[in-house]
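Mind having a look at this structure? Questions to follow.
Per-chain residue numbering starts at 1, and chain names A, B, C and D are given in the order in which the chains are listed.
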Amino acid sequence: MCASPASGALRAAVVGATGYTGAELVRLLHGHPRLALEGLYAHSSAGQAIGEALPSLTGHAGVVRAFEGDVDADLVFCALPHGASAPIVAALRDAGRVVLDLSADFRLTDATVYREWYGDHGAPGHFGSAVYGLPELHREAIRGADLIAVPGCYPTASILALAPLIAAGAIDLSRPLVVDAKSGVSGAGRKVRESTHFPETSEGLRAYSVAGRHRHTPEIEQELTRLAGQAVRVVFSPHLVPMTRGILSTVYLEPSQDPAGFTELARRFYDGSPSVRVLEAGSHPDTLWVRGSNAALVSYTHDRRTGVVVAQCVIDNLVKGASGQAIQCANLRFGLPEAAGIDHPAAWP
Amino acid sequence: MCASPASGALRAAVVGATGYTGAELVRLLHGHPRLALEGLYAHSSAGQAIGEALPSLTGHAGVVRAFEGDVDADLVFCALPHGASAPIVAALRDAGRVVLDLSADFRLTDATVYREWYGDHGAPGHFGSAVYGLPELHREAIRGADLIAVPGCYPTASILALAPLIAAGAIDLSRPLVVDAKSGVSGAGRKVRESTHFPETSEGLRAYSVAGRHRHTPEIEQELTRLAGQAVRVVFSPHLVPMTRGILSTVYLEPSQDPAGFTELARRFYDGSPSVRVLEAGSHPDTLWVRGSNAALVSYTHDRRTGVVVAQCVIDNLVKGASGQAIQCANLRFGLPEAAGIDHPAAWP
Amino acid sequence: MCASPASGALRAAVVGATGYTGAELVRLLHGHPRLALEGLYAHSSAGQAIGEALPSLTGHAGVVRAFEGDVDADLVFCALPHGASAPIVAALRDAGRVVLDLSADFRLTDATVYREWYGDHGAPGHFGSAVYGLPELHREAIRGADLIAVPGCYPTASILALAPLIAAGAIDLSRPLVVDAKSGVSGAGRKVRESTHFPETSEGLRAYSVAGRHRHTPEIEQELTRLAGQAVRVVFSPHLVPMTRGILSTVYLEPSQDPAGFTELARRFYDGSPSVRVLEAGSHPDTLWVRGSNAALVSYTHDRRTGVVVAQCVIDNLVKGASGQAIQCANLRFGLPEAAGIDHPAAWP
Amino acid sequence: MCASPASGALRAAVVGATGYTGAELVRLLHGHPRLALEGLYAHSSAGQAIGEALPSLTGHAGVVRAFEGDVDADLVFCALPHGASAPIVAALRDAGRVVLDLSADFRLTDATVYREWYGDHGAPGHFGSAVYGLPELHREAIRGADLIAVPGCYPTASILALAPLIAAGAIDLSRPLVVDAKSGVSGAGRKVRESTHFPETSEGLRAYSVAGRHRHTPEIEQELTRLAGQAVRVVFSPHLVPMTRGILSTVYLEPSQDPAGFTELARRFYDGSPSVRVLEAGSHPDTLWVRGSNAALVSYTHDRRTGVVVAQCVIDNLVKGASGQAIQCANLRFGLPEAAGIDHPAAWP
């Protein structure tokens, strides 16, 4: 049963409402006990009926609006591509809005690193002013933040698998960590391209941007390094899997402590984190088990033959990897229960 | 935003909780403002942690219980296979419970027809005592019913496409209506079988039980005949499509009135029905647009070359075709808003 | 085991080699005992290594050439989009080449009908000079043809289901025939578009161009009318199914003879046709059973309740629906065994 | 064009013909210029029409036979589950037949290792008498072998990625190699089980048997150790991907030489190996590019940030990972061109 709302809903807007993360924000906000969706903004679809712009709302009333410098709302979710987001976020922040930015524009804290991976920043005056919106690592900072940079889907899955072990100093960090990540196709967004054309995607599996060329790499290293207090390097290999939603990060690491305690260690680390569940050692979480939900399932398996530990984490890339996590951050920011509106089970099967 | 619950939630139980429609009931009840899930019952999984029995609840607390003749709840959803359902429904009704039965056991009203298609009935004393749980046709009767026979997925999609036209006497019923229906694989249930083994289902498409051999045929004819006041015969051909959820019914009919008004006629018929949306004439609704939602999208297309009208209806077979519709009926039965807890947009994509 | 080639292979070229039907021609010609692939031509990829232009040939040697008015070959397969094909076919025919055209440009025989559905023709001087390349109907004519218009995928499946009954005068043709056809996504070609973007195609099912708006309609009617000796009208509804290959045509008709003999009647009709197999009455052929093969599986089911007969036919849209059929025609034209190079079993699963 | 057969075909039989690798043997032998399929044997389907037992042969003539101690053929492919294969292979060998065994029963050379992973052997008298049927490593031995143990699908993809580097001593073997492998569902065989039920497989991705628990682990280590002349340890993690065919092995290793030369080194290693193609450094081979073909595509990518090299290899698990490889071995054994009958391009898309 849905939690009881107190009186006085908060008014939320979504800018970039017609991409996949925008559509997911609309879906999740619909079921939220305290956040009321007040407006949908999208440049390319401005003026269009929302039911035409968003197939999930076919037949629903309302019109997509153009963003014109500000929106009248208590909080604004920006679900725009990187680069396009920064100036709009800047305008909203200048107007005093609380902003949850789902793009990559404010996730990195080192301007040199940003430039290296993305080029010039679109709002340099605001660079560095955001809190990284991974509640499991930055819960308190998020409560006080007015600009929250919601993590990417791959970093969420990869960091959640590793954070408890790194925080405990339980990993040999002298060597790079291997992060072999697999994603559904919705992670590539709504824009059509040859690589996501159905006949060339179905029954196909491939890596892409292997070997440190994917822009989520510095984000993962930034957060793990912060947590470790020493440089953490990852070999990050994303793969495209013929399914729409879901990410599985399979991480290989050499422990510096007895791995028998890793599951318990992670359970303590995530105690009080409603979205993360640490499964029994040796479990194999399935992306289907979290489809449509904000859950992250984590497990640790020790390969006694080689000494290596395999950490696994599954999420729905559009929920815990994007829109659900943004709402989780908004809940924290406005003093609501962290799981409000995002604690439903997965839509299985 | 989720509707505000009045105080005093109603207590719901699910018997047969570990099949696909059971899992979907658990998911939908979780977000319901007034129905609180009090217990999960499943014979085969009794005693098991619910997170093991239902992957969508991995990590959730609670235990699946054995059904022992009655359950302490205001309303009980029975999500059991046909045949297995009747005696349990009978026990629950004898104990005075309000029952929403998702099986086929109480949908037919003619005992001879039941016997012809299903054989002996498991609770003949209760046969004929149910209201057919299609709110768009039986809204008032459902409000007063204690046993509600929730329709099958194919009948829901097929009847919703045809009902407005039949009610208006706009179809030539002297000939059989052609219902070419296509379903995702979850409609076949959780039990494994060769015909739903992934390698033999993916990249495959086939009809099955063609030509009046599928048990949903008499259910469709019963309801359409009742509405028409004269015998309606359908040629019903179900097809298995390599996707998990969704039904599209494509219906071919010869109009006895000018089809130019069919869209408007259907809009009036479904006025006040929150789950049905009638699209513009010539539209092609997609099952993906309703995935995870209780919506039914209907459209009519007139083939001027031949005079035939093609009616289309898409639903999610597990939601409007089963569990969502059961909740819709429960809402009506208990005086709640008809769409309470089931008015969220689809999980698109 | 592959058939033994006589000495002296025929030299074949493919123009439009980098679309899906082009790729399939390359694959099938590779295993052909008598047709040797001499050159690949494609405007957009001219000069590119074939292994880059065609992923199935990754690592193979050779370069895609530009078409420059003629090609030095015994026969030429044109696998171009409609409209683009006509002028190239005309040039090849003017140069005396035997041409197998997979486009729609030469399939229709009535110029008025062509204009109505496609607009102006790109080579009016050659319009009407082709033989319709469905061997099961035009075997003798194909043997003597220099321009063969290979049928579309939907017409192949639909005509093969109906031809034996129409030829026998066994159908009531006073009413339109209902052809409910379902296709995999490769039928839409290699060009990316929103409607074939993986996340919006997987787990989705929809009709398109319903009610006589699909351009395969006149082609079906032309051939069935020719066979019937009287006008045949069809209501043709194509559907897009989330799989890459395969077409299932489900056809509804009212018999004018006892349908008990339909299976036998079709077996006699297809006697000597190596690609068509007529299954037992009541069978449900699966597209997966013909994936990668040139087989067409046909069945008839009589619905005694309504009198309607359901005819079904499955093919692989890229093989019997396009490239395999083109080779079948070439075999006939050059006096080779009709099934040479295209008689292998399906790639199941 | 298919190669010209010399007179005098060799007569081949398939035992275990109705599983997926059996079906694939039938398909590939059909197009083979020198191997003629003489008989299909399968215990469970004995007496059945082959078109019923194997959907890909629907409508074909012939009957599945029972294996009764021997078969009259020049060579026998055994496509049976491990354990079931050994006694039949022993009988065939005792009768003097050349046997290509696709099971795991004769792949390992160390009886202690066999026992540890599989338990008692079903034909201990023949244990150790086979040649490991990976032509790229054992070409000469295969030419002289009468019992050839065709490798598993995972070992083929994993070993082919690593062999050139290991043979060149280019890898730091002091640490375990990480092999993250992803497979389509057909690798699990034709037997139905919950884990391959379509609704629980589609839109799902999961690892299984992680951390040295999968039986292909010792096979990979055996071959790599043999090649290295020193112990090689691998962390092997298989994953199940929602597609029917294809394996991608992503391997992580630390080079002990400059990786700039790895592509060239591998090209030299595979010079004369018709099935393996080494792509440009940094390429991302796709399983779809080899679907239905015997090709293995290999690439190497150097992550300069961390020093790690990512080796990738894709194959079709049923072809180069099983039946195609068995035919490749048979070709070698009988002095035929190594690629005879298995050199066709992939069935893309």
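In the analysis below, contacts are C-beta pairs under 8 Å (C-beta built on N, C-alpha and C of every residue); 3 or more make two chains touch, one makes a residue touch a chain.
Please read all numbers here as calculations on a predicted model, not as lab measurements.
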item	value
Shortest walk length in steps over touching chains, chain A through to chain C	1
Fitting chain A to chain B on CA atoms, where both chains share a sequence, rotation angle to nearest 5 degrees	180
Per Cα centroids, the chain farthest from chain A	C
Approximate Å spacing (C-alpha centroids) for the pair chain C, chain D	35
Rounded Å distance between chain B and chain C, as computed from the means of their C-alpha atoms	39
Of all residues in chain D, the ones touching two or more other chains	20, 55, 184, 186, 199-200, 202-203, 242-245, 285-286, 288-289, 349
In the complex with chain B, residue positions of chain C that touch it	175-176, 178, 180, 182, 184, 199-200, 202-208, 210-212, 217, 233-235, 237, 239, 241-246, 248, 250, 252, 282, 284-289, 291, 301-308, 310, 312, 314, 349
Chain C-facing residues of chain A, complex	20, 55, 184-186, 190, 192-194, 196-203, 242-244
Chain D - residues contacting chain C, complex	1-5, 9, 20, 23-24, 26-27, 29-37, 54-60, 186, 202-203, 244-245, 277, 279, 285-286, 288-289, 292-293, 295, 297, 341, 343-349
